[in-house]
Amino acid sequence: MGKLRPGTIILVVCLLALAVLPWFAEKYYVQLFTKMMIMAIFAMSLDLLVGFTGLVSLGHAAFFGVAGYVLAFAAPEYEAANLWVSLPLAMACSGLLALVIGVLVLRTSGIYFIMVTLAFAQMVFFLFHDTEFGGGADGIYVYAKPVAAIAGWEPFTLENHTHFYFVVLALLVLVYTGLRILLDSLFGRVIVGIRVNEHRMRSLGYRTFRYKLACFVLAGVLAGMAGYFAAAQFGFVNPETLGWHQSGSVLMMVILGGMGTLTGAVVGAFSMILLELGLQGLPAIGGMDLSKHWQLLMGGFIVCAVLLLPHGLLGLGRTASRLRRKPAEARDG
Amino acid sequence: MSKNQAFHRRGFLKTAIAAAAVAGVVSLPSFAYAQSKIKVGLMLPYTGTYAQLGVAITNGFKMAMSESGGKFGGHELEYFTVDDESSPPKATDNANALVTRDKVDVLVGTVHSGVVMGMVKVARDSGTPLIIPNAGAGAATGSQCAPNIFRTSFTNWQPAYPMGKVLADRGIKKAVTLTWKYGAGIEAIEGFKEGFKKAGGTVVKELFLPFPSVEFQPLLTEIASIKPDAVFVFFAGGGGVKLMKDWQAAGLKGKIGLYGSGFLTDGVLDATGSAADGIETTLHYGDGIETPKNKTFRLNYAKTYKLQPDVYAVQGYDAGLLLVAGLKAVKGDMSKKKEFLSAMEKAKIDSPRGAWTMSKAHNPVQDIYLRKVVNGENKVTGVAQKALADPARGCKM
Amino acid sequence: MAEAVLRTEHLSKHFGGLAAVDNVSLEFFTDQIHAVIGPNGAGKTTLTNLLSGELICTSGSIYLDGADIAGLSADRISQRGVGRSYQKTNIFLPFSVFENCRIAAQSRLNSSMRFIRRALAYREVVREAERALEEVGLEDRAQVPAASLSHGEQRQLEIAMTLATRPRILLLDEPLAGMGGEESAHMVELLQKLKPAHAMLLVEHDMDAVFALADRLTVMVDGRVLESGPPEAIRASAAVQEAYLGADEESHQ
Amino acid sequence: MDANTFLIQVLNGIQYGLLLFLVASGLTLILGIMGIINLAHGTFYMVGAYLAFSLSQHFGNLWLAMAGGVVIAVVIGLVLEWLLISRLYHRDHLYQVLLTYGLILIFEELRSVVFGDDVHGVAVPEILRVSIPLTETLSYPVYRLWMSAVCLVLAVGMYFLIQKTRLGMIIRAGAANREMVQSLGININLLYRLVFALGVALAAFAGMIAAPVASVFPGMGNQVLIVCFVVVVIGGIGSVKGAMLAAILIGLVDTFGKVISLEIGGVQLLPQLSGMMIYVLMAGVLLARPEGLFGKRA
């Protein structure tokens, strides 16, 4: 393996582009990209489950949303929460929830797992929807963005959208690198082994339940990190934030980009959000306002993507380059 | 004709390189626009359950704007529309896009209470004027009230409160309430309870249904065994239809009175059929308001859109009237924000529902009508309470 | 004689009304290959699954070094030194041959809850994997994806993975299945080489290999042990002849 | 709660459970036999309700509408299986989730384009438009009893189809071993196509018979879907018997969750949290039997 693969170069170029973006873009676009990066972290956390461990969760938004609620509770009206306290707290709460749900859902597998994760996320949804403590169905505000003060010193302020952008960018890089390291560690090898052949892992002496649970909790914690910053950015948390449509759309991001690759999750998150914007911005053609029925196109797109892009957008690029390089070998699948 | 745009070239080009590199998006539609236009951001549901309401509001709003000539001191109007999908998680994001990307001068929206709370958040943070043409979440003109936030519809409390007095005055002492367990329902029930208690009645049991479940049967059984004098409900759309039909099928119709906030019987009477006959509700609008203003409005609306207007169209129309009042006062110059806001605050809206003014918290002070379903229409039978203002609890303005 | 490494007493497994394994008592010793033969459906694979913990027995006991392990889960039994290979090749197809063995060797670490240090930096695991590959003669194929190995090589890898877990008893479920003559000979040689350090259960249909390898033979029919003893005695047994060996051709080809 | 009310509530619970069963049985069949997870199942329920609405307006008769609706639903099922689902058998469940999620979006928007977003009512057929008085205030609509009867008949029919007929035997074998059935010379592709169409027809039929009491409105399918998932998880995948038991259990839990008051330590738990009740039930079942009440252990 060469040191400078084209993939690496593209990655570095993208990173540089992201790093200089705030100097060129208006506030709206800086915030848009902040949102995309937050969703990218969320998508990576799900990819850890779906793409690497082989656990298809359809309730991942529960951990995303709960962290947002924790931030909302930690920041009472007109009083900002401290980032260094509330962020770990939010992530811990998401992790704890993932632990409790994980112990139950990991007793199942396959189709059961999909349905059970969905159902448990729905249970959390109702918990926030039907009780007043989180503002019920109307949701709850995060009045002020968290303050990053350590003993009076404030390295950055999240109220500034550029600062916020860079904090999220740093976290994106951190999570990406962290997961890269993780996947190459003993633990990482185990979870990938579980995806490929869990039965064999067990007969080799691995207590796979523990590793799956650890992975589920870790994914929950990272989803919590994303949910925390999403809540901080939008300033608003609502039960729908942890609803199953949110879970479905993040799953779509993972697949669209190409699951089992961290870059894929990031690419998926970015393209999905841009695609949605693009579809909603379609002009009227021949008396039919397409933008009013953009969800029809989105549905059609998803169906086509599943049938035509089995390995996601990244897979598309890879197939293309493989075909170019070695046309003879491309036939073996 | 609205221009529904996702990106503008100005901002977009700058980020296009990064965007294309990162996500492979190449180009999206763009429009040039003149600087002097007044930019109105319409954030309403155009897909999903509430799509119809979004369309009615947009129609009413645009009708008011075109009746006013559509030009203020030489400034034309430009619309930016966003489909909010009635999705609260996207609410602040969508509202924020209108404010920071499209740089709208005023926000109008929306139907869903959760989404409107997201818009209120953005309006409070950015200072952009917000006109709410439907959602009745009390907090928007209550604890979250702000100088730049206005509502031309109602609070959930508002149409429910007068029903309490109406029932108690008829000698009804014992009532049961029933609603979905969500913000709007709970607020409406609180309103009814307050009015009913004040007039001497007692709510013996409050029943809830998880949203959006429509499995009423157990609750009807419970009601039948309690045998109250009246049941007050808050439902809208499909849930309301099912309730009224189940009510009739369970034989409760004619034995126990069913009352509700007007949304119960609005826009659904065709679907409900005979099950709705005779049901009385309270609302700030009704089909047979015999005023010249209402007649002209209904005629014009039907002519323009080939549709009968409903309460949502009226609210959208009034949102337009309110904006016109503000724009006229500053002759379209949106830099005079203070004058603009104070003109809207002082406006007297000559609405199809009857003239109304803004309360201190920026919610209509309006007459609430008592209506009765007769032959598939919500006939106004009287005024349940004149010039009712929402108590706006928690508003510090 | 030394104590048996693995011993079953009156082991039974019922599926509904069917007794797949019925009152089976067997012993396995180090430096001894104990072959179990019998027609299809005799309960050989079920027996292997009981011993490896993949199935839980209905009644009876399994003693490993004198401790009852019946009811323990597969991973715990593996950790106690029971290694098994599968009738249907059961490896990590997308992984490299080396990684297949490495992940097997890694299972012997106290815990794999290590999140930072690179997996390849654990030298002892890497060495163990390499050793196992050498033992089966796959060291030249280490970097090839397991999916591109020939069938015979995959069977060898299967054994190598088992060896990488340093088992004391090997449960081998038809290691020769689907192999050509040369590959079979190679495998027989390998098993002979492994014999001194391991106790071995060999489930196999290839009678030539069985008689070449086995120190002890058990014939199972309908879940029960029909006969058990040294190969010569089994070959001579009339009951076995009638019930199994004679019918070999029809029932297996 | 007096005894009378209690009994009526039990009746309510069973009646709701039977309708749930009808929707969930199609889901569990498709899951169990084909191994396909179908998120669009609730959407077919909605499709059925809208078919009942539009066809009964067209024919002026609900019975004809139901007959026509079932035919259309079967056709929809056959076409979808042929066009899309058949491409997913060898793919991960994940892709099934996504494809059927896409179908939800498509059907919801098509519904909006064709029927608009109004709430519509469907008239109860003349002969069933009566109620049986139970107490002085409460009567029970005959249509609901008729619905329950239909559900029961279908349940028994399905039981016989699967347990006693050759087709059922093949279906059961297909669930266990696709290759084996194929080797018997049976066209498994056709079999799967029929099972999928049957599942769609069951969901649509449930939507049709529910339409007169539930009315017809946007998004009505999604709320049904998740409850059906819970039914299948509790009952065990592929088990019609399990689905029946689970559906009735959920019907009862849901019914009593709404009307019973429960307070622990001064905190009102019921009916405040009645929306969570069925999920709590599911968690309990998962703890005791992860494979569901009648599921096969994996």
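We call the chains A, B, C and D, going by the order they appear; numbering starts again at 1 in every chain.
Rule of thumb we're sticking to: a residue touches a chain if its C-beta (ideal position, glycine included) is under 8 Å from a C-beta of that chain, and two chains touch if they have at least 3 such contacts.
Here the structure is a predicted model, which is why all the values come from computation and not from measurement.
**Q** Please name the chain that ends up farthest from subunit B once chain centres are defined by their CA atoms averaged.
**A** Measuring from the centre of subunit B, the most distant chain centre belongs to C.
**Q** Of the chain pairs A-C and A-D, which one is connected by the greater count of C-beta contacts?
**A** A-D
**Q** With chain centres taken as the means of their Cα atoms, state the distance from subunit A to subunit C in Å.
**A** 43
**Q** Express in whole angstrom the distance between the two chain centres, defined as the mean CA positions of subunit B and subunit C.
**A** 72
**Q** Provide the C-alpha centroid distance between subunit C and subunit D, rounded to the nearest whole angstrom.
**A** One centre to the other, that is 47 Å.
**Q** What is the distance, in whole Å, between the centres of subunit A and subunit D, each centre taken as the mean of its C-alpha atoms?
**A** Roughly 32 Å separates the two chain centres.
**Q** Any chance you could list the residues of subunit B touching two or more other chains?
**A** Answer for subunit B, listing residues that touch two or more other chains: 47, 181, 210-211.
**Q** List, in ascending order, every residue of subunit D touching at least 2 other chains.
**A** Subunit D, residues with two or more chain partners: 108-109, 112, 272, 274-275.
**Q** Provide the list of subunit A residues touching at least two other chains, using ranges where the numbers run on.
**A** Expected reply: 126, 129-130, 293, 295.
**Q** What pairs of chains are touching here?
**A** Chains touch in the following pairs: A-B, A-C, A-D, B-D.
**Q** Under the touch definition given earlier, write down the residues of subunit B that touch subunit A in their complex.
**A** 4-7, 10-12, 14-15, 17-19, 21-25, 28-29, 46-47, 82-83, 85, 87-89, 91-93, 96-97, 100-101, 113-114, 117-118, 121, 125, 137, 139, 144, 181-184, 186, 210-211
**Q** With touch defined as at the start, can you tell me which subunit D residues reach subunit A in the complex?
**A** So the residues of subunit D touching subunit A come out as 31, 35, 37, 84, 87-88, 91-95, 97-99, 101-110, 112-113, 226, 229-230, 232-233, 237, 272-276, 279-280, 282-283, 286-287, 290-292, 298.
**Q** For the complex, which residues does subunit A have touching subunit B?
**A** Residue list for subunit A touching subunit B: 10, 13-14, 17-18, 20-21, 24-29, 31-33, 35-36, 126, 129-130, 132, 135-139, 141, 234-236, 238-241, 243, 245-246, 267, 270-271, 274-275, 277-278, 280-283, 289, 291-295, 313.
**Q** In their complex, what parts of subunit A are in touch with subunit D?
**A** 50, 56, 58, 104-105, 107-112, 114-116, 118-120, 122-123, 126-127, 129-131, 244, 248, 251-252, 255, 259, 293, 295-296, 298-303, 305-307, 310
**Q** In the complex, go through subunit A and note every residue touching subunit C.
**A** So the residues of subunit A touching subunit C come out as 181-182, 184-190, 193, 196-197, 199-208, 210-211, 214.
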